[in-house]
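First chain A sits with chain B, and in the next complex the same chain sits with chain C.
== the complex of A and B ==
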C-alpha cells in the first residue's frame, strides 16, 4: 500500500538510523510521543527543533562520545532549517 | 491472592536448589568410592566443588536468556521482533537444557543404585537429552539469525572465500570429532555406551549437524553486525555477536572433551580438569558478553 507520509519524519528516522540502526524509528516515535504528545508521522521542522534537547539528553545516556552526540545534533539542526518538500510517496 | 510469576531467574534458583539437594543428598555409588579410594564425606565435598563452576555457568545462561527476553519485549511489531523472539527461545532451550540433564542424570542414578544393569541406560538417556538440547537450541538460534539477516536489505551474500573458509573449518571439526569419538570407542567403553553404528547415526551425525547450525548462526550474527547501520547499535550488537561466538565454540569444545574423555585416561586428571575449567571460563565470558550486549541494546529502547 502506498500512502502519503511526512518527509520530515522519514528524514529524521534516516539521520537517526546512522546512530541507532534498526532502533531509530522506535526511538523517534518514543521521543515525539513522550515529549511532544503528537503523532510522530505528523511532526514539523519546528518540532525537530523542540526535540533536539531531549534527543541530546537521551543519546548522551548511550555514549560518552560527545563528538558523536554533537554530530547527530548538528544533522538535526540542519534538518530543522533545510528547505523540505511537503510530502513524499513511501511504501 | 497474589501469584508469584516464575521468571527465568526464579526458575534458575528452583532448578539449582533441586540439583544441589539431589547431588548432595543422594548416596554415592560404592564403586566410585572404591575406584578413587575416597570416603563419603570427601565425595560430597568434591561434588560440591564441582557444582560451583556448573552453577555459575547455569546462572550466566539464565541471565543472558532473561536479558534477551526483556529486550525482545521492546521490539513488538518491528522487523527484528520475530528474529529476536526465536533467538531468545534458542537461548531459553540452552539455559534450561544445561541444567535439566544434570537433574535427570541425578534422578536416574537413584534407579542405577538399585539396579546395576540400568547404568548404561541412564547414561544413554542423559546423553540423548544433552544432544537434543544442543540440536534444538542451535537450530532455533540459527533460524532466528536467518530472519535477522533477511530483514536487513543492506546485507550482501557471503563471499565465496568466506564460504570456503567456513567449509574448511567445519570439515576439520567434523573429521577430528568423528576420529576422536570412534578412537575412544575402540579404546574403551565409550562415554555414550553405544555400539559403533548407533554411535555414528544417533550421536556423531546429529552433533555435527547441530554444530553446523551453531556455526551458521555465529556466521549470520557476524554478517549482521558488520552490515547493520548505526554506530551505537553496532557497538551494542558487537558484544552480543562475540558473546554468541564464544558460547557456541565453548559448547562444541565441551562436548568434544566429554565424548573423548575415555581416550584421556593416561593424561593427568588435573590437566583434564584444567581444560574443562578453561572451556567453562570461555563459556562464561561468552554468556556474559551476550548479556552485556543485550543490556546495551535494551538501553537504546529505553531512552
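== the complex of A and C ==
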C-alpha cells in the first residue's frame, strides 16, 4: 500500500536509527509529542531545529561519546536546512 | 573614562557576587544536588551529594553523569539508561520524581528519593539538575512496618479460625438448641469474622507484594474456568445481597499464560468489590473475550459508580471516593490498591470506565496463548483450574 507520509519525519527517524537503532521511531515520537505537543508525523524543518537541544541532552544521557552526539546533531542541522520536497510517496 | 572603569568594576563585582551566591546556594541545599551540562557532564555537585555517593569532587566533576551516578534496581541490576529518571526528565521536558537505588563507591545500594529536572535558559535546555535524598531510614521503617503487619495478620488468622468454627457449630445446634436472639448474635459474629478474614488476606497480600516476596509462577490458565470458579465462590454473598451475577463467555477458547493465583485474586477482588458497591436487585457481569493476542476480562456492575473527580486516585492506597464514604464506613480503601498492585506484579494492564449512579466496568487483559497447550500444562502443574 502506498500512502503519503511526511518526508521530514521519516528522514528524521532514518537519521536517528543510525544512532539509536530500533528505538529511533519511539524516541522521535516521544520527543515531538513532549516538547512540541504535536503529531510526530506532522513535523516541519523548523520543528527539527526546535528539537535539537532536547535531542542533544537526551542522547548525551545514553552515550558518553560527545563526537557521536555532535555528529548526530550535525545531521539534524543539515536536515533542518535542506531543501526538501514535501509529501513524497512512501511505501 | 573613570566612569566606565567604575561601571566595569561594578559589573565584575556583581558577577563575582552572583557566582558566589550561586555557589553558596548550591552548597546549602540539604539534599544531594548534581548539575550537568548539555552533554551530561557533571559541572557541579554539593557536599551532601558527594557524601551520599562516597565520592570526592575531583572524582565527579567533568565526568559523564551515568558513569558516576549509577542507578540499580532492587535486584542490583543496573537500570537501563533510557529508564533513568534524568533521561525521562529530558525526554518529557518536565521534572520527574521517583525512588531509586544509587550505588555507593564501596558498592552498596542506597535507597534515594530523586527529582530530576532539565535546566532551561530562555526555554532552551542547557543541562539537568538532579536532587536526591538518602531514604535508608524510611526504607527500614517501611520494612519493619510490613513485617509487623504480616506477623499480625498471620497471628490473627488462628483465633479467627476458632471463632468461625465454634460459631458455626453453635449456629447449627451442635451444642444445644439456640433461640432467635442467639442465632442473630451468632450470625453477626460469623459476618464480622468473615470480614476480618478478608481484611487479613488483603493485608497479607499487600505486604507480600510490597516486600517483594510474592513469587510469580506462570502457567497456561483457562480463564473461562477460572471465572466460573470465582462466580461459584461468591454466589452465596451475591444471593444474600440479592444481586444477580452473570457470566458472559464466548465460544472461542480464552486461555492465557499467567500466574493462576494472582489472576484469580484480581478477578475475585474485582467481583467482591462489584458486589460490595452494587445495591440489591443490581447486576454484576463477568465477561471474557479473546481479542487477537490478548484475553480481555471485564467485571461490570450496576453499582454506585466512581465520581469523575475521584477516578484518578481510585487505585491509590487507602483512597475512598466520597460517595463510598457516605454509604459505607467499614471499608479500608485497600481493595483496588491491592488489585492494581497484583496486576502490576504480573505486568498486565488494568483500566476502568465508570458513571456515577450507573455503574463501573473494570477491565484487565492477559497475553493469550494457544488452547492446544491447556491440557498439557495443566497436567504438568497438577492443578485443574
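Operating definition for what follows: the second predicted complex is superposed on the first by the 91 of 91 C-alpha atoms of A that agree within 3 Å, B and C clash if a C-alpha of one lies under 4 Å from a C-alpha of the other, contacts with A are read in each partner's own complex, and residues count from 1 in each chain.
To be clear about the criterion, a residue touches a chain if its C-beta (ideal position, glycine included) is under 8 Å from a C-beta of that chain, and two chains touch if they have at least 3 such contacts.
Computed from a predicted structure; not experimentally measured.
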| item | value |
| --- | --- |
| Partner chain in contact with A:53 - chain B first, chain C second, else both or neither | second |
| First (chain B), second (chain C), both or neither touched by A:18 | first |
| Chain B versus chain C as contact partner of A:9, first or second or both or neither | neither |
| Touching partner for A:61 - first (chain B), second (chain C), both, neither | both |
| Intersection of the chain A residues that touch chain B with those that touch chain C | 23, 27, 58, 61-62 |
| Chain A-touching residues of chain B, taken from the complex the two chains share | 74-75, 78-80, 151-152, 228-234, 237, 296-297, 299-301, 303 |
| Residues of chain A defined as touching chain B within the complex | 17-27, 58-59, 61-63, 68 |
| Contact footprint of chain A on chain C as seen in their complex | 38-40, 64-67, 81-82, 84, 86-87, 90-94, 118, 124-128 |
| Of chain A, residues touching chain C in the complex | 23, 27, 30-31, 34-35, 53-54, 56-58, 60-62, 64, 66, 69 |
